[in-house]
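In what comes next, chain A is part of two complexes: it sits with chain B in the first one and with chain C in the second one.
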Partner chain A sequence: MQDTYYLENGQLLKSQTSAAQNAIYKKYKDALVNDGVPIKAIFPGRCFRNEATDACHENTFFQMEGVMVDKNISISNLIFFMKTMLSEVFQKDIKVRLRPGFFPFVEPGFELDISCLICGGEGCPSCKHSGWLELCPCGMIHPEVLKAGGIDPEEYTGFAFGLGLTRLAMMKYGVKDIRDLNSGSLRSLSQFTDDE
Partner chain B sequence: MFLSMNWISDFVDLTGLDKMELIRRFSLSTAEVENDIFHKGSDISGIVVAEIKEVADHPESKKLHLLKVDAGDGQLTDVVCGAPNVRVGMKTAFAKVGAKIGEIEIAPRPLAGFTSYGMCCSEKEIGISDDHAGIMEILDDAPCGTDIKELYEIDDIIFEVDNKSLTNRPDLWGHYGIAREFAALAGRELKPLDCADLAKYNSLPKVDMKIEDNLCQRYSCIQVENITKNVSPVNMRIRLFYCGMRGINLLADLTNYLMLEMGQPMHAFDSRKVEKLRIKRFDAPFMFTTLDAVERSIDENTLMICNDNTPVAIAGIMGGLDSEIVEDTTTLTLESATFDAVSIRKSTVRLAHRTDASMRYEKCLDPEMTVPAIARFIKILTDIDSDVKVVSSLTDEYAVKYDTVNLAFDKKFVDRYTGIEISNDTIVKTLKSLGFDAELSGDEFSVTVPSWRATKDVTIKADIIEEITRIYGYDNFDIHTAKAPLYPVRADLEKTVEDKVKDILVKRYSLHELHSYVWAYYDEYKALGINVEENIKLVNATNPNIETIRKSIVPTQLCQVKYNTGYATDFGVFEIGRVVNGLNDNNLCDEHKMLAVTLFSKTKTVEELYFDLANMLAVLADDIKHNELTFEKTEATHSYQHLKNLNKIFCGEKLIGEIGVVHPLVSKKIDKKASIVYAEIDMADFAEIENASIVYSEPSRYPEMDIDISFVSDMYAPIGNAIKAEECPLIKNVSVVDTYTDEAGKSITVRITFSHPERTLTKEETMAVVDSIVERLEKSGISMKK
Partner chain C sequence: MAEQTLKLKQELIQKLEAVSEAMQLEQIRVEYLGKNGLITGLLKGMKDLSIEEKKTFGQEVNELKNEAADMIAKKGEELKNAEILKEINSMPEFDLSMPAKLDRGSYHPITLVQRQCEKIFKSMGFTVEDYSEVVSDYECFESLNIPNITLHAICRILIIWKTVSF
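Then we have the complex of A and B:
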């Protein structure tokens, strides 16, 4: 991919957190299969994109990914989980809706919209009067991804979601320039105190 | 891509349904629809067909004409018109008094001394093309006074689908495929395409055509001649315009129309230029001029359509200028083909030229579509122009067939994936409505994926789940939590230690956590006089200033400190981040997660600040690992390190990092007067250190005794070691209480705390220990300060 940073030895700086899924499955698959312990993992990580930076674009930012794998994890569970989690994150009752979206590591894959945080769904300039904000991709983990992690997709299913952690923080605190976060500027950063 | 509801309605009867609601459902079930939906024609009314009966020149204006028009209301209407193309007998679109065009309501209007009772309109004014050169000429047979909206499909709902959301759906790049989705969503029948019967031309000669490269999957073509019409029907032009294309001429419009209708790009060649159609690549690069008159460099990987050995088109991307239809073209060869999607994609990138055709080919088009597209083209063409003659039989070479996809699954599989109950009936009906062949026998569904979905999109069982659930509607899902047994998970050691370190540094010492980039910023390093050390590099950084990955966080942190010197007189920052120390034996990056801390002060001496930092680290080791730190002098090896004031840090026996004063030259560049010290610790090494267990000892009931002694020394380590070497059980604690410099040099004052568990100590016994320590130190050249 064009926007990935490659190193001289052929390694790359990870452009998304999904790469960690494989390591997690391999680490916990025995507990899943032998002891019936479901895999529930959440993993934030620094991601890198080779692009020119401006107020909306950074080459270094955080994403967060979550997965749940067990014998009967369903789309119904996914929607319930996302609604509950996002309501907790934003500390208010959030409506969610799913639209089909194509992402190679999930099938089916979805774009998840939430009811607009500003207007609550009535329609306002922030949501371009649609009442909805596109928030994050999610979906049922692709059988090949499970297989590559040593988990039999005929027996287990799971869901995965990704959140733009940096973007979420910008939304929450009204940070207009994404570069502030890596600037090292104490005038900006000392405002983020521990109690939030 | 813009889509027309009228066009969709050609293929599925949506009468009685709320179109806006259907579009909303389409957006939730198929592909994202942009927010702006256009109600075309809604802003015009009262425009009718009118015939110009009289034309007189305006006495004073060269541009204006005085017209009398018949608008079908039994009288002639006076109109002042500035269009150059007016003539007697011409029929045009006429906005009567009372008509509305956008915000304007037509009223009698004085114009250069005459009153105009209405306005003749250009196509642009009606909103059906961007032609504003003159008033619209209506060639179709319609009585004067006919509302133009009854004559033409001006009223339409146009919506836009984000192309990105169609990446995986080759079938949705034309209205017919979109109509299939609407039919499935509305529960209505999809009508078959009205096509010409090509079998009746089977006796005609074939086109001389041959696929010589398997990057061409299928090539179908046919020849036609005697095309007498040049202008497309108005309704066709309106659809093309609404969908973002410009009317050109009948043939060009028709190929575009077919592409927008079926998603199949087509190309028409002048038959004289393609007597021997060959599809192949060339061994050597060459220059080729495409029909937009741009000369492009073609390499040996690019598939070309050729006339024997002469290239005439870049396959799937654009035709050549030389083989274009021209005025004296009598016979044309119509191409309808499919090519390898990856090859087309790569060619467009190499050529830096993406077209409506290549955009579709990149998505793996359905090879079964080439022939129906020709049949549909011939049908529409002959309907428009009955003089057209087909002069060849359909010539079709199908070199690479798509792989048929058959899938089998049971109801349990669907239940497990969805978590809700969807009936067998609904499953079969949904799949059939989308063109899948679906059957249920016993508990087992067997499904054959239609060609337009099988090229790339639907290949596994999970794909079928998407088909069933998206049409079912995610809004209709009964949602519930996952049920799973609760198991405790052991906390990850490194993560726990990291959290504790952050807590202590932030909460106890009010340090600021920062994040910095993993590469060295050359400019910033240079400004501080720090060398960028040789290390693994990025090979494709768009910014050459950031090529080299950092070996240590300290230099980037010093750059950040420099940035913040105005923030406060005293502050400290830290980061836990990754560094790379060259490559390991497996040629992989030798990655380390490091804690870097820098303290900056304009009020403290370097010594004071150094001890603050050493103390801070000692607290980390004590709180997290119940362990002590020891320090050992070491040589500077990096340009930011002070040549003398640099120590290795050990926790127990293990080397975990370094602590030091910043090199005076670097320090001065950051701030001339400030003291700056730093430490860097390898987090994995620190995390691995075993927790020293707490050994409880009963506190003494007898008073402790503190004795302060000063030594002339610029280092604490030998003093600490000498006290430790005494191995005196009465010593309970040792701490540095002061450092100062006078004519004798630098001195360090330590406080030794003594206590005895069973009795009060005597001065004599403690002094004996102190004397022994002093003696020990004097032997190594460190004298007591008198």
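Then we have the complex of A and C:
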């Protein structure tokens, strides 16, 4: 991949938090198979991409990956979890919709859109008058990926999503320029308070 | 003779009450308990007494001596405590239990959002995992069904394609 930072020893700085998926499957597959404990995990982390920076691109950003693997997991489970989480984060009822999208590690893959937070779905300049904002890629985990993690795709299914924490923070706090977040400027950072 | 000891004792008590400094106390100690002090002085008149009287009187004097020493030591301690108390009272007042006014800073917005998400997912039964930032090619691409097309691979394909087509 061209936008990945490679190290001299052939390893690389992870360009997506999905890189941890394989390790998670291997870690929990015994509990899943032997005891029937579903794999439910999130892994937030820093990702690196060799990109030119502008108002919405950074070379270092945060993602949060989430997976759930069990028998009879379907897309409705995915929608429920995403909707619950987003409604909690934004403190209001959020509508979500799925659009087909291609990602190699999910089949079928979706782009998850949420109803625009500013206009509430009626259409405004920030959502390009569509009423929807693109938020995160997600989908049902590809059988090959499950197989690589040592899980039988015939028996188990699962969903995965990759949430852009940086983008979520920008949307929640109304940060217009992504570069402000990594600038280390105390003047802008000290405005945020813990509202828990 | 018992009157003498009693008198001395009462005198001593009165004098001790009036004492307010360590120096004065030391003077009194020398006056009564010193080598030529009043209590030792009592013993000097003893030679005129009969053996019986000597016995009882000697006992009385010794008791007086011990009592006097005790009283003086007690007074000395009182004076010392009073001095410490005075020093404490003369210090400026601090309230160590008062909450400090610290500028505690704030969290980064991404940290806030991350913690919030973690909290929500934890409440839904998810575990929060941590993973290395340096990973292998296999973990980042191959295990995720992304074919590993590096520059080397592209060159190899091009070379093969060229050799075949010529």
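What to note about this one:
Keep this in mind: the second predicted complex is superposed on the first by the 193 of 196 C-alpha atoms of A that agree within 3 Å, B and C clash if a C-alpha of one lies under 4 Å from a C-alpha of the other, contacts with A are read in each partner's own complex, and residues count from 1 in each chain.
Everything below uses one rule, namely that a contact is a pair of C-beta atoms (placed from the backbone, for glycine too) under 8 Å apart; a residue touches a chain by one contact, two chains touch by 3 or more.
For clarity, every value in this text was computed on a predicted model and none was experimentally measured.
In the overlay built on the shared chain, the residue A:168 is in contact with chain C alone; chain B does not reach it. Residue contacts after overlaying the shared chain place A:50 against chain B, while chain C stays out of touching range. Residue contacts after overlaying the shared chain place A:145 against chain C, while chain B stays out of touching range.
When the two complexes are overlaid on their common chain A, residue A:88 makes contact with chain C while staying clear of chain B. On chain A, the surface touched by chain B in one complex and the surface touched by chain C in the other have residues 7, 10-11, 13, 40, 46, 48, 68, 81, 84, 142, 181, 189-190, 194 in common. Those residues of chain B whose C-beta lies close enough to touch chain A in the complex are 27-32, 35, 165, 167-168, 416-420, 460-463, 465-466, 469-470, 474-475, 477-485, 487, 506-507, 512-518, 536-543, 549, 559-560, 563-564, 567-568, 571, 573, 583, 587-589.
Within the complex, the chain C residues that touch chain A are 105-110, 112-121, 124-147, 149-150. Touching chain C in their complex are the following residues of chain A: 1, 4, 7, 10-24, 40-46, 48, 62, 64, 66, 68, 81, 84-85, 88-89, 104-105, 142, 144-145, 148-149, 163, 165-166, 168-169, 172-173, 175, 181, 189-196. Those residues of chain A whose C-beta lies close enough to touch chain B in the complex are 5-11, 13, 31, 35-38, 40, 46, 48, 50-52, 59-60, 68, 70, 72-77, 79-81, 83-84, 97-102, 107-111, 128-130, 140, 142-143, 157, 181-187, 189-190, 194.
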